[in-house]
Structure formats: C-alpha cells, structure tokens
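The structure is given below, and queries will be raised subsequently.
Should a chain be cited, it is by its letter among A, B, C and D, assigned in written order, with residues numbered from 1 in that chain.
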Amino acid sequence: MLILMIVFTFYPLINAFVISFYKDYLPLANDGAGSITGYTFANYSVILKNQLFWQSLKNTFVLALVSVPVSILISLFISVALKSIPKLKGFFQTVFFLPYVTNGIAVGMAFAVMFHRDYGLFNLILGWFNISPIDWIGGTASWWAQMGALMIFTIWESLAFKILVFTSGLQNIDKQYYDAAKIDHATKWTIFKRITVPLLSPLILYISITSMIGALKAYNSVIGLFGEKLGGQPYSMITIVAFVYKYRSDFSFQGFYSYAASAAIILFFITLIFSLIQTTVSKKRIHY
Amino acid sequence: MAEIFVKNEKSYKAKKILSNVLTYSFLGVIALIVLVPFYWMILTSLKSTEMIEAIPPILFIKPSDWQIWNYKALFELVQSGPRAGQPLFPFFTYMKNTIIVSIITTAGTTITTILAAFAFARLNFKGRDTVFAIIIATMMIPGEIFILTNFLTINKFGWYDLMNQTFSDALLAMTIPFMTSVFYTFYLRQTFKQIPNELYYAAKVDGTTDFKYLLKIMIPVAMPTIVTIIILNSMGAWSAYIWPAMVTTKDQYRLVSNGLRGAFTDSGSGRTDYGQQMASAALVTAPLLVVFFVFRKQIMRGVSRSGIKG
Amino acid sequence: MEIKMLDLTKIFISKDKREVHAVDHVDLTIPSGKLIGLLGPSGCGKSTTLYLIAGLLRQNVGQIYFGEDEVSDMPPEKRGIGLVFQNYALYPHMTVRENILFPLENLKVDKVEAKERTIEMANLVGLGEMLDRKPKELSGGQQQRVAIARALVKKPRVLLLDEPLSNLDARLRLQTREEIKRIQRETGITTVFVTHDQEEAMSISDEIVVMKDGVIQQMGEPQHVYDHPQNLFVAQFLGTPQINVFNGVIKNKKIFVNDMLISKTDLPDQPVKIGVRPEGFIVDLEKKSDFKFEIDLVETIGRDTTLIIEVPGNEGGLLDKITFKAIVDASLKIKAGDWVHFNVKPEKMHLFDLEGKLLK
Amino acid sequence: MKKILISVLTLLAVFVLTGCVKMATTTTTEPITTTTTGEGPVSKIVMDIPDEEVTILFWHIYGAGKTALLDKLIDEFEAMYPNVTIESQSQSDYNTLREKINTGIGVGQVPTMALGYPDHFAGYIQAGAAYSLNNFIYSNIQYEITDSTSTIFGDLVDVSLDLEDFVPGYLAENNQYVGGQYYSMPYSKSTETMAINRTIVKNHVAAIRAAGIEVSDEGFFSHTTPLTFSQIQTLGTILLNSTGTTDVANFKCGYLLNYDSSGNMFINMSRQWSAPYTNSAGDILINNNTTKSMLAYINAMFNDRTFVLPVKFGQSYGSTNFKYGDICMTVGSTAGVLYNIPSATDVQTNLKFGIFDVDFLQVPQPTTTAGQAVQLSAGSTNYNFTGQLSSVQQGPNIGIFKKASANEKLFAWLFIKYLTTAENTALWAMDTGYLPVRLSAYTSDVTIKLTPTFSTTYVNFLKIATDYWTADGQVDWADTDERWDYLHSSMVANIAKNQALYYQYDPAFPAGSSSAGSATVRVEAGYCLENIYNKTKTPETALSFFLNQVDW
C-alpha cells in the first residue's frame, strides 16, 4: 500500500520539485531516462515573466476566496434547513446529492449553454425581470460576469459533497443543544451562529481546507465553461493549474516540463501558505 | 420572579407556518437550481442542432418534436465493411470497461485507504506525522503534472505495449495509479481518530494483533464512513479522461468519458453535435442515477452516519 | 407561579405506526413555589410531560396555564422557563461564563447587568471561581450546577429539571440533591423535576407526582403518598425494598393468605392483594401468629436485619411463588433456617383488589 | 502543516543530491539518411514482395462517421495483400494522439503509421522518430506479387510515387522539414472558402455594378477571380446596415464578413500582406511594422463591421449567424460547408431572410496577381504593402515511424499509396467534405457510388456547380434531382480547386527552449485578433502579449 503511494504519489511529487530545477530537460531522451544540461532557477523566472501567470494568480485567488466561503455558507444553510423540515427530507437530500453522480464534462457543457448570451437560460430569466441580457462568458463579457459565471458553476458543483458532510455532521450534534438554545431564547440566526457553526467547526475546517485546496486547483470548471480558450476573451479566466497545463502539451520538448513543474511548485507553496493560515486562524477559533 | 411575562401569542402558529414556507421555498429554489442543468442536458439531448441555437431558447419540447434520433444514433450499427454489425459508438463496451475499472479502483482504494488511515490514526511508527504531512502535501499539486512520470512508470512495468497490450494490462494501467487516495485517507483517518483509545488498549490487553483489531473493531465501527468512501470513489471512473486515453492502446479498452469527448466532434469541421453529445452524456449518467436511486437509502444512511468530526 | 395542565394528551406514532399515548388526559396543578418531583418508571410519560410544560413538545389535546397565562401554543422561548437537561447540554465551545451569559445575550439584557447577574448566579451555585473554564474541564456536579445557573439566570417563571442527578455518582448525587433543594428554597421558584429514582424524588420534593403509562397515579407530599398509596402500582413503586405483595382472601372479616390468618378487616369477602411494607412485620416472639415462614437468608446492616424468605408456592393455594423481605430489629438474632412467626402492623399493610385498586 | 514544508524540503534536497538524470553532452540532430536525388528512376529492380505476416498499427482520430469508409479501404487493401493486417485505432483527439506518440517515442512505443499535423511531424522528426518517405518516393524497386491469394496476383507493384500528380501546395507543406525530405504525405486536406448570401447580393446588383464590381444578374460574383479587400470594403458600403442590425426590408446585414478561424485569419493575412510571421527554423517574426499596420487595418475593419469574428455572437463558427442573416459572408473550412445552408429544419423564426441562396467564392485577396503594390484605406489612414495571393490549407497528413520493421514500413507505405490513389482520394473527398490530394482526381472518370441511388465521377461532381453557375442559377433540374444535394459541396470543390493554385502553408516547428511550437503560435495568433476584436487590448498591446506568450 505504501509502495503504491510512493510510486504513484510521492515519487511524482518529488520528481516535480526536482524537475523544476532542471535545465533544458528532455524527459524522454535516453530511452525515457531523460537528459539535462544542468540545474537552474531560470524556469521560475520564465514563469514569473509571463503576464498570464499574474492573471492566473488573480483569477485563482478571487475564485477561491469567494467561492469557498460562499459555498460553505450555502451548504450550511441548506443542511440546517434540511434538518428542520418535517417532510420531503429524503427527496431534497437526493436532489442535492445529484451533482455528485454526474459526468462533469456534460454538466460543464450544459452550463456553458445556459450562460449563453443569446440562447442561454440565465438571460432568459433575467429578461423576465426586465434585466437586459448580460454577456456571461462571451467575448464582450466583463471580468466580473465571467468570474460570476465561473463561481456559480464552481459552487453548484461543490455543493453536493459539502451538504453531504454537513448533514452528517449535524446529525451528530446532540438535539439537546438546540432545545437548550431554544429555551435560552436564542433566535434561529443566533442558534446557527452560536451553536451550529461552533459545534461543526472541526468539520468546517476540514471542508474549508480541502475545498480551498480544490479551488486553488480549479481547472476542469474553467475548461467546462469556457473551453480551451479559458475565458470569454482568451485566457481571461485562466487559473494557475490551467497555466500549468498550457505547457503540458509540450511536455516532451526541451524545458517545457520544467516550466510546468515550476508553476506547479509555486502553486504548491501558495496552497501550503493558505492551509497554514487556515489552520493557525482556526486553532484560535475551534474550541473543542 | 416572573420577569418574562409574555401574553399568549396567537401569531405563533402563523409564524411557524411562515418559517416553514420560507424554508421550503429556500430548499425548493436551490433544488431547482441543482436540477436545471440536468433538465437542460436532457432537453438539449432531445433537440436538433438548429433547435439548440434557437433564439430565444426553447424551454419545452413537445414529445412529437423530440429528436429521439440523437439516442438512436448511439446504438446504430455499422451497415457494411469489416465492422458491419458492430455498434458505431461502442457505448456498451465503454460502459462495461468503466464499471470494471470503477469496481477495481474502488476496491483497491478502499483497502489502501483503510490501511493507510489506520496506520496514520493508530499505529506509532517513526516519522508517521512527517509521512502524513507529505501525503497531505501531494493534494496541493495538480495531478496532471504526474502524468508523464506515471506514464513512464506504467511503461516500465510493461503494461503499455502497443502491439500486445491485453485488456488486463490496460486495466492494471488504468487502475493501479489510482488505488490510493490522499483525500479519503485524510477523511477516514478523522473517523478512526474518534474511536476511543481505550478500545485499542483493551484489544491489546486481550492479545489482539493490530490487523485483527482493525478488522474486528475499527472497520465495523467506521463502516458508514467506508461506505461513503466507496460510493464517492466509484463515481471517479465516470469522469476519468486523460489517463485512460493515454495508457490504453485500443479503443475498445477505453472509458465512457473518452467516448463522450471525441465521438461527436466532426474531425474535419471541428463541430460538435451537442444533441448527440448530450444524449450520450444522459445515457452515461443514467446508470449512475439508477444505482443511486436503488441504493439511495443505504447511501444516505451510510453517509449520514459516517459522523466525521474533528 | 402555579402550573396547571388540563386534559393534556400527547400521542406519538411508533415505528409500527401505532399510536402511543405518552401523556394521557392529564389534569394536574402544580402549586406555586413548590419543588415537585415527577416520578415513574421509564416510559411512563414523565419526561414527555416536562417537555410539554417546556414547550419543546406540543400536546395533541389540552391546555397548559402558567398562572392565568395560557401557554399551550407558545414556543418554549416565550414561556419563561428554565430547563436543565439530563446531560446538561452545556455548549461545549463556550466557557462557563459564556454559557450562563448566553440566554441573557439573547434576551438583549443590558451588558453590565447581564455580567452582574452571571456572577451572582455563579456564586449562587458555588462556581464563582470557575467562570472561565470550559465545560469539559468541570466535574459532573459542577456541570450540573452550571446548567442550573444557566437555567436560572434569566429569572424564569418555572424551573424544569430533567433527570438532574442521573449522570452523577452516588456521593455527588446526595450532595447535589441538597444543593438543588437549597437553590430552590433561596429563589422560591416553582420547580418541576423528573426522575425515575423514587428515593431521590422523595428526599427533596415538596410534593411528588407518580405517573404510569401517561396517567397520573397519585400526587401528594412524599411521605403521605408512601403511607397512603392509592393503588398497588404506587405502593410498589415507592419504597426500598419494595413492598411485599401476597395474594389473599377476605373471609368473614378476616384476611387470609393460604389459610394463614394475617389480620382483620371490615371489608366484605373477596380475593385481595395484600401489600405489606418490609418494615411492617413484627416478629411474634410468642409464636402465636399463623403467619409463619422458614427464613432463607439473613442480611444484617447496622441496626436492621433483612429477612429474606422464599416461598415455594403451593399449587391451588393462594400463595404464589414469591420472595419477600422483612426488616426487623437486628437484636433479634434470627438465623437462616429458623421458623419465624409474624404479625403485621396495620398501618403498613394495604389491601388492593385484583385490579390493584386500594380497598377502603 | 509546518511539517509538510520541512519534510518536503528535506526530501527535495535528498533527491537533488542523488539526481538520477543523465546530463546531456551534445544535442543530437537527425542525420540525413537518404538523398533527395532521383529525378525519375531509369531502371527498376524487381523483388518478391515479403510474404510473412505483417501487422500495421495505424493511429488516427476518426470517430464513428469516417471509420466506416476507412475500414472499407483497409478491407480492400488487406484483400490485395493477404499477409497484412491493418489495425486502425482511434486515439480520441489530436492532442492525445500527439501526446501518446511523443511520450511513446521516449520508450519505444510508437505505431507503424499515424495521422498528424505538420507540427506533430516536426516534433517527431526532432525526436528522430519519423521515417523519411523519400526512401520510397524515389525508390526504383518494383515488387512482384507471388501469392495466389492476392487480388493483384502477378502484378508488379511500384513503390515510387509520382509527385507531379499531387497538389503542389500540399507537397510543399509536407517537405518543409530538414533537408527538404518528405516525412508525411497529404491525406485529409481542406481549405477555407467564403460563403455568401446571394439573395442579398441579388437585391443590390445595380448598386454593386455601379461601384465597379462585376456581378451577374442573379448575384454571382466571379468564381475564378477572388474579390479584393477594397472590393469587400466597397460591398460593405452597399450591404451593411448602418445600425449594426439586420435590415430585412432592405436586404442589409449587421456585419459583412466573418472569419471562423481567427488563427487562420492572422496567418493568411500575414501572407497576403507579405508580413513576416514565422519560419521553419521556429523563429517568431511577428514583431515588425507590416504586421503592426496589418493589425491596425484589421482593427479598423472590425470597428466598421466589415470584419467580424464568431465570438461576437458567442459562437465558435459564423455559420449560425450567417444563416440567421446577421452576417453577409463567412470564411470557413470546406469541411463545414453544409452548416452554412439554411434549410427547412432550421427554426424558422430565427431565419431573418427565410431560406436564402448561398454561393461560394474564393477567400478575399489583397490583389488579383501576386507581388502587386496594394493600398488599402481605412478612413483617412492608408496602408501600403506588397500584396500576395494566399489561401490556407489545413487538415492532417499521414506518415511512418522509423521504429517499424522494414516490412511494416513497406506495407504502411503501400497503404498510404493506396489511400491516396486518384479514386480513393476522390471518394474520400466526396464522402467526407475533404479535398482530393491528387490533381488526377479532378479529372478522374472512375464512377463512385455516393448513395445507393446516386453515382458520379469526380469530373461530373465538379460539373454540378459549374453547370449551375453557367446557367446563372437558372437550371431546370427536377426537385428530386440528386444533384441538388451535392450542389454546395460541388461549389466548394470548384472553389478549392481554383484556390489550390496559391495555397500557402504555415511553417511547422516544435517548441524550443525559448519559444512555443507552431501550433501554439497559431492559437495565440488567433487570440491576438480576438483580443483586438473584444477591445480588451489595442493592436499594439495584443501583439506584445502575443509575443510574451510565444517567445521568451
């Protein structure tokens, strides 16, 4: 078991670190052993010089910092609402779990069609409220419209798992706390804020770390919604991982694997810093 | 004494009804939002290309206008030539492969996850926390950076032989690299850690081996979580795309996603037949949904009992 | 604050879709300022009654009044009650101070006042020193007292306690019992607590209410209920060791068990159940009494000796196979195997009909 | 978490110290193995064809639609050579195909032959894996078939190939590599043509003639002489509605000319303007004044709606909005011809002009003859340059890998030859919408069955459109005449045949250590124009961003 992990998970990771310092790496030369001409930091400077890298940082940060808290909040609300209703619980649970049981590619395409300016559903609905059509994902779409569409899709995709986890977490909270809070005159909002959230806090931390890691690695959602162009305008929604993959198709050529690896390593450290901040902050906040 | 002197409120009932209405509408709206893409997928699968591009969008289609053709085409057989009688789009082959890969990967992942989670939750070995830290770190690197390295490894194992790759080689290549899951190990470890130490000591006093303890105590106690992991993991094979395409030599070894992407794009004009693509997407999703609905109760119970606490 | 329940009924639907009347047409008035113990075996509806008073459950039929106030349809937070849960339900993520403060915050009590009241309340329950600890850093008894403080800090009209002592060890239980009584006295608040432990109920309650199958069996001052049980159930439920029950018969104003004359009565001839408290036996040293048995076991604790008698039962006769206990003076030096003749103290003997109703 | 950091760094250090990669000492370049001599062989060597079992692995990306025909051709080929088995395998898409071969080269796992774009082959050549087809093309060996089970028993098989018969533009693309060798042969080729809404043109015939542009009564422009950019601008003043919306009553569109592929637009216009783009050595030459003024001109044309990109309509192709009447003309791949034709199956309310007539023309050119000085004006700005005739050619080629055995190579080559015979290339073209790769296909008189009821020769296939044009659209074909079904395909085939005279190719090169490969450059070129169109970047900033992405 550990061998599997070492071969297919550790080894490639460490390898990526090392590769990011190779100079002129040809991974497939010498019958697959690879060849280099030395070690260098130049791969990193190539990445940092690319205008898109900074664009991808901005996009990824905004996406992660907004979509993770929002989706956690929404799924918390949903889970709490689910717990409070007397009937149709099973039905709603089933519905909310559905996004997990589907093929991501297909849903991405469905969303792309729904966001279409002329024949998309979103603008049709906006039209019912007399709001003029917004270009969500097209060439004239503003950065915020595109980010909004991407966020809606990302949140939609991530709800299922979170609701699942929170629902199960809520079930483990002793009902007496709620009775007690009721008797203590707590309003629904106070109960949510002062009882539910603190009692779920270890779970919320787990979810926020894993989904933060997931959000910082966003890629498939961008491809699903915007296609290879990675945005309404070329690259307007590029993420760090998409930036890494820009080099992927040329992996076998001189140096490209190292560029991709360098970008991945940068992402790794960003993620690490995020996780560190999250754990330190939450250490102060999680009480039991 | 009675500081809080409240007159009987007749509006209490009304309030409760109102809050129920609000809760249900909130859930209803979200449910609608969740369902719309599915509806859209099915709707699109019943549209012709022209209907897809209609402005304003067509929201409902009369059954008489359904482009059932999109579905029929998936099962059309080759009329002539050496492949006559075989399906044009090998839906069932892809499906079968996907199911096999899904089962093998899930079985493998479950076993490795249990062992790893046990090791990290219970066993004390030197450098345990360091190793776990590195494992967590791997989650922070985009997986596809590993593709080339893993491809070379698979090749070294002899599972990728262009002329002689057998189905079992292909299965090994498609499943072995995915038989570990950091995410689920992390998840299960949390559950394992909740099981009180006393149980472990009690078992030790009774002379139980670690393995037997895992088998007889840990696994039964953590079963709901394990069920959840099995369920969540088995969905993975349905979206796997790049890796299966990389390591299989023959079309008949591939998985549904591979079929979904390529098959409906005309290689000449680059156009995609969205109707057909959505039809096949719907068909691919259908078995998952069926399984989900059949086992809904067990799944939900498993999930809701899994009790993941910090 | 007097609590009045009229025709209160709560029906649960069990898993096999049967209706279970957890509380069945209960009419009950709890006098103001008293400490009342709701007593009964598990499943008797006592906790349900408490939760109905609290408003955490809603009755199917009936009304509840707090004084003149009908609270039947009021949500719990509007009723002005304090509730102490069986396992206290202290918020694990809050300190003692935050726990006690929590209801006041929700009531938007002025901050300064709230602080003062919190400290005052903590002092009342004797936890003034521990305000900044987390619940898990406290002992069971301390947690219990935090729960009481939290329930009382908002000055409720009624204090409800659900099995308040069941999670404590024996020593703490005695101590806390006194504590509850003291706090109740000091605050003078109408208090209802639920317990299945009759000793606990009897020791601190001003009055006890005995319930069975959702129906109130008897209410009254503990000693009075003990001495004058309304039915066999109440008689059996109260008292340790349990009351001894013999099948007997009244013939010609005489009470017989298996042809053994026990006592006399004015009641007409009929079969009866005879309940005799263990302390109701007097050893007839003159061995005149008909009522005699061979002693199987003798347990002496302090000044009391418990005689344990196993009666094999005789077929066709009135004596079933029973084991009964008699508490007698230790100075009598009775040994196992001795034959002992008993007389019965009339005030410790209760006659019931075959349905368990008290015969007068 | 801190532990993660420390442990990873420690391990990193360990791995660096024990680095397991070989240091390269020299960069290997592919030695030229064959001469490019042989201007027609004089004598031929006759040999027996090898008769041991040979399996040929052929990788492509064809989906269900095209494999049927491919399988038929494979079947026929295997009947000719009973000892040969061709395993045809689809690898889903070009990216996967290329990635698998590239990684496969490193570990010696490559197919015998594969489909690929020029930049793919450039990569294979750089890795030393592609086999020079000159070895066969100029060979003077003939093989004798001695196996009686073969359908061509007793015939002599010639391995050499008469290149004269191939469309020159395609050949140029396929021997652009090191040493001018052929590493691939043209296979599924297509080009871009321009669809035009003839119904609109017909309603403005008088005005168009008054502006000095030749047009027939029925709205046909010349099919042999392309329209020039100045003429396109003139047409804009006649056919465009001033508000940018479609004016059905006056037969005017909101946008004049759509380019489906902004990448092709950039590259082909660079050729037409003689603006340096890239070269086969992989140098990126876009940072020059001609390119800059070209971009300024294109930007001006975008601004006054003479040019438009599909992104305007949230589409990947202009065909939908061409059918809807938003666009008067659209330049797109010949393989997508039929998407431009409005029909009864369209949602009728969307078709602003109803079902209108569509004609096909050559793509607009700066001039009618190569090398002329051209002046284009946008507003008060003039752009002077030397105009060149240019049209794109696209579509994959087919090549063989070095690793295959001699026999595998031989039969793979014979299979390529078989796929590209005049009849088969014509059949492939008519069946799939691609274009024949041989000139003789255009004059082929072999009858090909297209549907159970309709058979034709390629010559007659081409004649469908020319008859129609000669009659100025006034043909007396019955409604059931199957020629109607092939009219538009035939038009496009004719146009492509004319454009073939000035095909240009896009130099193919793999990624280098400080610049992107030709495929990436093409994508970025397209994005450059999109950025200009979207107004997210000015022509200058778009170009500098383009440079930033492809050259570092």
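Keep in mind that, in the parts below, contacts are C-beta pairs under 8 Å (C-beta built on N, C-alpha and C of every residue); 3 or more make two chains touch, one makes a residue touch a chain.
Just so it is clear, the structure is predicted and the values come from calculations on it, not from any experiment.
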{"item": "Per Cα centroids, the chain farthest from chain B", "value": "C"}
{"item": "Chains linked by the largest number of contacting C-beta pairs", "value": "A-B"}
{"item": "Centroid spacing, where centroids are CA-atom means, of chain B and chain D in whole angstrom", "value": "39"}
{"item": "Rounded Å distance between chain A and chain C, as computed from the means of their C-alpha atoms", "value": "58"}
{"item": "Centre-to-centre distance between chain D and chain A (centres being mean Cα positions), rounded to whole Å", "value": "38"}
{"item": "Geometric centre distance via CA averages, chain C-chain B, whole Å", "value": "55"}
{"item": "Overlap residues in chain A, where contacts from two or more other chains coincide", "value": "13, 15, 27, 32, 116, 118, 201, 251-252, 272, 275"}
{"item": "Touching two or more other chains - residues of chain C", "value": "75, 107, 154"}
{"item": "Multi-chain contact sites of chain D, meaning residues that touch two or more partners", "value": "1, 4, 8, 11, 99, 103, 106-107"}
{"item": "For the chain D and chain B complex, residues of the former touching the latter", "value": "1, 3-4, 6-8, 11, 55, 57, 61-69, 71-72, 74-75, 89-93, 96, 99-100, 103-104, 106-107, 109-111, 188, 190, 316-317, 320, 324, 332-333, 335-336, 339, 345-347, 349-350, 395, 432-434"}
{"item": "Contact footprint of chain A on chain D as seen in their complex", "value": "1-2, 4-5, 8, 11-12, 15-16, 19-24, 95, 98-99, 102-103, 105-108, 123, 126-127, 309, 311-314, 510-513, 516-517, 520, 526-527, 530-531, 533-534, 536, 545, 548-549, 552"}
{"item": "Touching residues (chain side chain B, partner chain D) in the complex", "value": "48, 50-51, 53-55, 58, 78-83, 88-89, 129-131, 133-134, 136-137, 148, 151-152, 155, 160-163, 242, 245-246, 249-251, 254, 258, 261-271"}
{"item": "Interfacial residue positions of chain A with respect to chain C in the complex", "value": "174, 176-177, 179-187, 190, 194-195, 198-199, 201, 287-288"}
{"item": "Residue numbers on chain A that touch chain D, as the complex places them", "value": "13-15, 17-18, 21-22, 24-39, 46, 49-52, 116-118, 135, 137-140, 229, 232-236, 249-256, 272, 275-276, 279"}
